[in-house]
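Per-chain numbering from 1; labels A, B, C, D and E assigned in written order.
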Amino acid sequence: MSRLLELDKLKTYFYTEEGVVLAVDGVSFHIERGETLGVVGESGCGKSVTALSILRLVPNPPGRIIGGDILFEGQSILRKTEAQMRDLRGNDIAMIFQEPMTSLNPVYTCGEQIAEAIELHQGLRKREALEKAVDMLKLVGIPGPERRVREYPHQLSGGMRQRVMIAMALSCNPKLLMADEPTTALDVTIQAQILELMKDLKQELGMAIMLITHDLGVIAEMAKRVVVMYAGKVVEEADVAGLFRKPLHPYTEGLLSSIPRLNRPQGRLHVITGQVPNPVNLPPGCRFHPRCPYTEDICLQREPELVDTGGGRLVSCWVRAGGSRAEVA
Amino acid sequence: MPGKRRQVAVSGEEPRGDVLVEVKDLKKWFPVTGGVFGRLVGHVKAVDGVSFYIKPGETLGLVGESGCGKTTTGRVILRLLEPTEGAVYFEGANIFDLNREQMRRLRRQMQIVFQDPYSSLNPRMTVGDIVGEALEIHGVARGRSKEKRVRELLDVVGLNPQHIRRYPHEFSGGQRQRIGVARALALNPKLIICDEPVSALDVSIQSQILNLLEDLQAEFNLTYLFIAHNLSVVKHISDRVGVMYLGQVVELGGAEELFANPLHPYTEALLSAIPLPDPELKRDRIILEGDVPSPLNPPSGCHFHTRCRWVQPICRDENPPFVDVGDEHFVACHLRKTREKQ
Amino acid sequence: MGYGMDGLWARARRRLGRNRGARAGLVIVGTLAVAALLAPVLAPQPPGRMDLDRVLLPPGPGHPLGTDYFGRDMLSRLIYGARVSLTVGVVAQSLSATVGVTLGLVAGYCGGWTDLVIMRLVELMLCFPDLLLAVGLTVALGPGPYTLFLALGLVGWPGMARLVRGEALALRDREFLEAARATGTGPVRVLWGHLFPNCLSPVIIAVTGGMAACIMAEASLSFLGLGAQPPTPSWGSMLNLGRPYLHLAPHLVIFPGLAIALAVFGFNLLGDGLRDALDPRRSDFPG
Amino acid sequence: MARHPAAFLALLVLLAAGCARLPAAIPEGSGVWRGCLNRNPVTLDPAYVVTLLDSSICALLYNGLVRFDESGRVVPDLARTMPDVSADGLTYTFELRRGVRFHNGRELTAEDVVYSFRRILDPATISRRSWVFEAVEGAVAFNRDERTDLPGVRAEGSHRVVITLAWPLAHFLSLLAMPAGYVVDRNEVERHTDPRDYGFHPVGTGPWVLESWVPGAYLRLRANPDYFEGRPHLDALDYRIIEDGATAVAEFRAGNLHLLRLGPVEHAVFQRDPRWEGFLVGAPDLAVYYLALNCEKEPFDNVLVRQAVNHAIDRQAILEAVLPGRYVLANGSIPPGLDGHDPHLEGYRYDPALARRLLAAAGYPRGFRMEIVQTSSPGVLQITEPIQRMLAEVGVEARLVQLESGAFFATIGDQGNPDCFFVSWWADIPDAENFLYPLFHSRNRGGGGNRARFSDPAVDAILDRARLTLGAAERSELYRDAQRLVFSQAPWVPLYFPINYLACRPEVGGFVACSIANAQKMTGVWLAPPPAAD
Amino acid sequence: MTAYIVRRLALMVPLLVGVSLVTFTLLYLVPGDPVQSLVGERATPQMVESIRRELGLDLPLHLRYGRWLARTVRGDLGRSWATHRPVMVSLIDRFPITLKLSVLAFALSTLLGVTVGVATAVREEAGGDHLARWALLGGQSVPIIYLCLVFMYVFGVWLRLTPVSGLGDGSIRYFLLPAGALGLYTSVYKARMTRSAMLEVLRQDYIRTARAKGLSERVVIYRHALKNAMVTVVTVLGAGLSALLVGSVLTETVFGLPGIGKLQIDGVYARDFPVVMGCFLFQAVVLSFTNLAMDMAYAWANPRIRFD
C-alpha cells in the first residue's frame, strides 16, 4: 500500500509587490498512515503554507504552487479537479488552525458549523448531521454537548473552541489531520488538555496527524517523527528521540540549545545570531549560512541537498552530511 | 465587599526599607455596566489583593495564565491605570500620593517593555523619535545631544546606530523589541517592567533578547519585574518568581526553590502541564479540568478551589492567607500543612 | 514579514501607482487643481467678458467650448469655475476635518463623560439631513462664499468625528500609546503626536470622498438657488443657470456637468484607490 | 397684487390663442384638461389669497359682483348688469342674478355678498386684502375695530347690494373684480371649527368645483353642471403641481400636458420646431421689470446719479440677448395695453460717456460701490450680470446680492435699506393706477409698494387727483403726466414689459389667453379628439 | 431586550429637545420676517402687526419656545403659518410618499450595491466587475438632478415605459423612476462598503476553515463571508435608509413628489416656523427609530451582540 501522503519537491511561491517570496521551496517529506509527524520551524519558514498547499488552499493571487507534486494515497493532488479537491477537503484531509478565536465563523452556531461538513461529505440530513455533531462534541469532551451545539463560538472559551474545531475536523473520520499550531494561542493548562485529547483521539480513531508547531516541547511530547524547516526548506528530518538526542543540522542544534529549560540547570542561553532572512531576498547558497557557526566556503555558494545519513535521518548541510557533494556533482 | 478580606502577611503597615518597590494589597477592579440605564452590575476583579516586593537589582518574575491579572498589576505599578485600592511604594514613597508633576518626574525611574513589538512602537515615528521622545519630554537632551544619546542607546541594545531614521516596520520582530528596550533605557530608570517581552518572538530570537536583558541588568544595575506566561523563560531569568491565579498571587519564592518544590496545587499543575523538549523524559501530568473561572465572579474562598484536586470544605469558604513558609517562600493554601504531612 | 521594506507611505504610493483607477483619479484631480491654480494663464479670456453679439455659440474655433447667453467664453469660465468648486471643497473639508478630527480624537481618547457629551452632539447633528441643514444654514446666513464653506463644513464634521473616534477607540489601548504615557508624555502630545498620525489614513480617504461630496453639494445648492454667487462662476451655478438651455444650447449644460462629473469621478476614484492603498490590513502575503 | 416673478410662472396669464381648428360643433363634455401649476396653491380662501396662482384657481371656483373679461375690461358677473353709479360716484347699486347657486346647492343672496365683503374687512379675519375696500364708507374704522358696523355695504332685499364709498374712486369696479371681491357661503366658512380650514374646502358659485387637492401633488376640479352661464365644455380640470420647469417640459413633450408656459429658452426651441408652428402664442403680461434705486439713500438720493445709472445701462442689448422677442422695452411703468401707457415716452439712451460726466457732476468722478439686491433665480441673473458689467465700465462697482425670496422681500420692504434691487410688479387690476399710485406715491414708501422710496409732492398731487377723477380721458392724461414726471427723476431703471408665450397642444380649442390672472374661467375651452401624439 | 428598547426610547427625549432647540435657534437666526411672505406686496404696518400678534411673533424668544414646547408635548405640532394646514396632517399625508420612495430606492440600491460589492471583492481584478464598479461610480458622478432628467426622458418621454413624473394615483409605477435614480445614486457607497467588508471578511481565518471543510466557493462566499460582511454593512445601510427616509429633496422636487423633504424645504424658504420645527422633529424621531431598528438588525445578524 502506498504512503498516505508524500510531498515531492513542492514549491509554492508568492508573487508580491515586494518580490517573489519562496515560501515553500522544494519541500519533500512523507507521512505514513496513522503516524504523527511533527513539522517544526520558526514563523515564515513555510510550514503553514506547506499545509495549505496540501489542501490547495493557498490564496491565489498572490500565491501559486509552481512545482513538485503532492501525492495523497498515491494520487496527485495537484492534478485533481476543484470538485475532487472539495471531496477531499474535510473528508480525507482535515485541518485545524492556530487561532480558535478566529477560525470559527462567528455568525453560525457550533453545531451548524460541524454539521455543515457532515451534511456535505456524508450526505446526511441536517437533523441527522446535528445529532452527529452532538456526538462529536461529546467525543472531544465538551460538557453539555446538547446545549453547546446551539451556542455561538463567542460563548465558548478558547479551549472549548479548539475542541469544537477538532470535533469539526474529525467529524468525517479523516485519514489525515493537519494541526497548524493547535495550542499556541492557548494557556499552558488548556494546552495540556488539548494535547491530551489529541493523543486520546488518535489512539481511538487511528488517523495520521501532521502537527505543525514552533514549540519543541509539544513536538517532543506528541510526534514520532520530526521535520525541521528553515526558510522554505526542510533542513532536517529525524525520529524524535534521535533529533533531541543529537541534532544534526546547526540550525536544529542552535534551536535546541537556545530555549530555556525547566528541568535542567542552565547558564547563559545559547544564541543563534542574526535574523531570520527576508523571504524575498534569501541569501545564496545555504540559507542558514549567515547565522551558522560552522560556515564553510561551499555553504556560501551552493545549496545543500537533503541527504539520508542512515537510520531514517536526513539532513541538508554541507558540513554535517557532506551535502551529497557527489550526487550534486 | 464580597468575601473575606485577605490577610496580608508580607510585612507590616510600614514600607520595608530594603526594597525598591513594594506592592501592598493592590486591587484593580474594572466596573462592568449594563441594564437599562447603564447600572453598575459588577466588577472584573483583575487584580484582587496582590502584595509583593522587589529588591534593588533583582528580577522578580510574575507568571500566570491569560486573564490572571499579571499585566494589569504591571500597568497599575506604573500608574498607567489608577488602582482601586492598595499602595505601591517606590523607594519608600507611595506613588499614588504623588501629584502629576511628581509622577512625571518619577516616570524617569520606572519604564516598561511591552509584549508586542509591532503595536508598541508608533508606526508613524522614526526610531530616533521613539527612543528620543522621553529625553525631550523630560528635558534631558534635545537636538544634537538627543541624537547622540539615541545612537548610544541603539548601540547598547545591539542595533545599528545608522538606522536612527528608519521606521519600525523596517525592522524584524527581534530588532523592534530591541528598540523597545532602548526606549525604556533612555532615561536611566531603576525599574523596568518587562511585560511578556519575548512571547511574541521566535525561539531563536527569544534567547537573544533574554541575554540582552541580562546583560543590561548587569551593566546598569537594573531591577526587573518580568511578567510572562512561559514558565521556562521566567525561571531562567528570575531571581524570585510569583505565580498568579485569578487576580491573586498564590505562591511566591526563589526561582529554583519554587520550581523544585512547588507548594501550591496550582503551581504544581502549571509546572506539570508544560511539555518539555525531552522526549525520553517520562512523568505524570496533572491535567486541570475545565477553564479558569471568570474574574467577574470569582469563586468564593480560595479562588482555585473549583479546579483543585485537594479541595477541602474550608477552601470554599475561606480565602487562605498568604504566608511565608520560610526562606521568603510565600504560599496561599489551606492545605499546605496537611499535604506536607502526607 | 514586513521588514526590509521602505516606508508605509512609499508602499501606499506604489500601490496607488499600480491601481489603474487611482492613477486615473490622481491625474484628473491633479489636472483640475493645476487648471484652478493657473486659471489666469490658461483661460483664453477673462471669465466675465461679455459679448452680447456672440451669444450661445456652439463649440467651434475661437471658443472651443462655445459661449454662454452673454457671449462669455465657456472654457474660460469652466477653468475659473474649477477655482470656486475646488476651493469650496478644500475649505469646507478643512473645516469639517479640523472640527471633526479634534472632537473625534478627544472623544475617542478621553472616553467617559467627554465622549458621551461629544457623541450626543454628533448624534444631534446627524439628526439633521445634510442637504437640509446646509440649506437652513445658507438661508440663515445669507448665500455667499463664506456661507457655503461654513454650511458644507458644518454638515461634514459629525461624520468625520465619528470616524476618527472609532479609529481612536481602536488605537486607544495600543501599547505605543501606553508607552508614550509611561514616559510621561502629556495628553495633548499623545493626542496629536501619537494618536493623530495613526488616524490619518481614514481621514485622508474621508476627505477625498468629502471633496467629491462638496462639489456635488455645491451643485445641489445651486439648483436650489443657494450656491456660489456671481460673478464668480462655479460649476454648480453654471450648470444651474444653463439648465433652461438644455435643448437650445446643450453645451451650456454638458460642459459644466462634465466638469462636475469628472471632478467627482476623479475624487471618488482617488478615494477608492487610497482606501486600497492605505488600508494597513491589506497585505499580499499571508502570515 | 404683484407677487414675485419667480414664484409665479405657471399657466395663468394666457394668450389669445386659437389652437385647434374650430370644428363644426363644440363637443360637449369633451374630456379632462391637463394643466400644471408651478407651485402648490397656498389657500383657496379669497380672504387670504395673495399670489397670482391662488388668484387664478379661485377665479375658477368663485364669482364676484363683476369680473374681468379676457381683454381686462370689467363686466358683470354675479351682478345682472353693470351697477348703477350715482352722479357723485359714491353709490353703487348692484342687481344680482337670480337662481345662482353655490356648489352645495344653496341659492346665493345679497346677504352672502355683504357677509363676504364684511369678512374681508373684519379685523378678526386678518385678511391680507382689506385695502381693496378701504374706500368703502366706514371700512377703515371697521377694519381698525373702531366701529362694529359697516355702513358702506348693504343688502336691499334678497338680490340688491348697495355700496357707498367715502370718496370717489375711478377704478373701484376693478378692485371688486379682484379675488377679495369673491362671494363665499357663510355657512361653509363657519362650518369649520377653525375658519382657516375653509381654505382647503372652498365652496363658491364658479364654473368649477374642487374635487380633490393633494397638497404638492395635484388639484382636480370638475365642471359645475349648474353654473349660471352654462356647464363648461370640459368635464374636469387636472392641475398637476410641477415645480421644476424641465420636468414640465418633459411632461408636455410626453403629451401629458395641454398647455405649457414657455421660458425664453423653451420658446426659442419650440419656435424652431415646425411641428409647433401655429400652436405658440404670445401676449403681453401686465407687468413691469425694473431696477429700483433707493431714492432715500446715498448716492441715489442724487437725481444725477440715478440718471447716470440709467445712461450706463444698454437695456436693449441685454434684453435682445436674453429675451429675444419676449419683451417690450420699458421707458415708464405703465405696460402697453393699459390706458395711460405712453409709447412716446423717451427713455434714457445708452451713453456711458454721459453717464460718467453725470457722475462727475454729482461728485462721484471715480464712481462708487453699490449692491444690487435680487432673488436667486436664473432669469434674474441673466439681467443683472450684464448690468453689473456695464456699471463697472462707468466706474460703479456693483455687487450682486442674491437672496432667496423670503429674505429678499424682507430686505426691500420695511426691514431693509438696500441700495438698489431688481424686481417686478404685476397688475392686481388692469388699470394705470395700479402702476403708479402704489409704486410712486410717497404714502406707500417701503412695504406699501413704493419700494424705491420715491417721494415728490408734485407727483403725489397728480396721483391723488387722478384717483378721484372719473373721466377716462382726463385720468389717462393725468397718469401720462405723472409717469413723465416720475421718470424724469429716474427712480428706476425701467427694463421691460414681458411678453409671455404658451405652447398649446393641437387638440386644444377655444382657449383664450388673458393678461390678468383671474380673468381665465376656462369655460370656453374644449378638446378635439387627440391627433397622433407628438 | 425590552429594557434596551426602553432605554433607547428614553434617550430619544433629550435628543428631540436638542434637535428642537437647534432648529429653533437656526430659525431665529434666519433673516427675513415670515410675515413679509404672508402679507404680499401692499401691506400696511397695522396688518403686519396684527399678523405678528396672531403668530405670536411679538413674544420674547423663550416664551415662544416654551409655548411651542408645551403644545408639542401635548401632541399638537401647530398649523403652518403659510397655509394654515395642521403640521401633523401634512406629515401624515406626506410620509407615505417619502416612505414608498425611500424603501423602493433602498431596496434597489442595496441589491445593486451589495451585488456589485460582492462581485468586485471576490474577483478583485476581473474586467467585468471593474466595469460594473466604474459604471456605478460614473452614475454617481452626475448630479442627481441630471440623473433624474435623463431617467425621465429615456424611460418616460422616449420609451414611455413609466410615467414621467408626479404622484399619479400613488401606485408603485409612479415611484419607479425616482426610486431608480435615487437607488442607482446611493448604491455606489454601498458597493464600496460591501466590497471592503467582504475583502476584510475574506481574509479571516474562518473562511479558510470553511474552505478546508470542502465547501464550494459559492457556499463559502454567500453563506460564510456575506453574512459576516453584512454585519458591518448593515450599519452603513441603516445610515443610508435614514438619509432616504428623511427626504430626498432634490428627487422629490424634480419628480414632483410631495414628500417630507419637499415640505421641509418649502417651510424653510417660507420661514414657516411650525412646519420646519415639525419636520425636523419628525425626522429626528424617524432617524432614531431607524437607527434603533438597524441596531436590532445588527444584533440579529451578529450573534455576538446581545442586549443586556
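Annotations for the structure displayed:
Here is the rule we use: contacts are C-beta pairs under 8 Å (C-beta built on N, C-alpha and C of every residue); 3 or more make two chains touch, one makes a residue touch a chain.
Keep in mind it's a predicted model, so treat the numbers as computed, not measured.
Counting hops only between chains that touch, chain B reaches chain D in a minimum of 2. Shared contacts of chain A and chain C, meaning chains that touch the two of them, come down to B, E.
The most distant chain from chain A, with centres taken as the mean of CA atoms, is D.
Centroid to centroid, with C-alpha atoms defining each point, chain C and chain E lie 22 Å apart.
Each chain gets one centre point, the mean of its Cα atoms, and the points for chain A and chain E are 52 Å apart.
We define each chain's centre as the mean of its Cα atoms; on that basis chain A and chain B are separated by 33 Å. Our note on geometry: chain A versus chain D, Cα centroid distance of 90 Å, whole angstroms.
In chain B, the residues touching two or more other chains are 172, 175.
In chain C, the positions touching at least two other chains are 3-5, 139, 142, 246.
Annotation for chain D: residues 246, 403-404, 406-407 touch two or more other chains.
Taken together, the chain E residues at the contact with chain A in this complex read 125, 204-206, 208-216, 224, 227-228, 231, 301-304. Within the complex formed with chain B, the chain C residues making contact are 2-8, 174-176, 178-186, 189, 194, 197-198, 200, 280. Contacts from chain A toward chain E in the complex involve residues 52, 55, 57, 61, 85-91, 94-95, 97, 99, 102-109, 116-117, 120-121, 152, 154, 165, 168. Chain E makes touch with chain C in their complex at residues 14-15, 18-19, 22-23, 26-27, 29-31, 130, 134, 137-138, 140-146, 149, 188, 192, 196, 199-200, 203, 243, 246-247, 249-250, 261, 264-265, 268-269, 276, 280, 283-284, 287-288. The part of chain C that touches chain E in the complex is made up of residues 21, 120, 123-124, 126-132, 135-137, 139-142, 212, 216, 219-220, 223-224, 236, 239, 246, 253, 257, 260-262, 264-265, 268-269, 272, 275, 279, 281-282.
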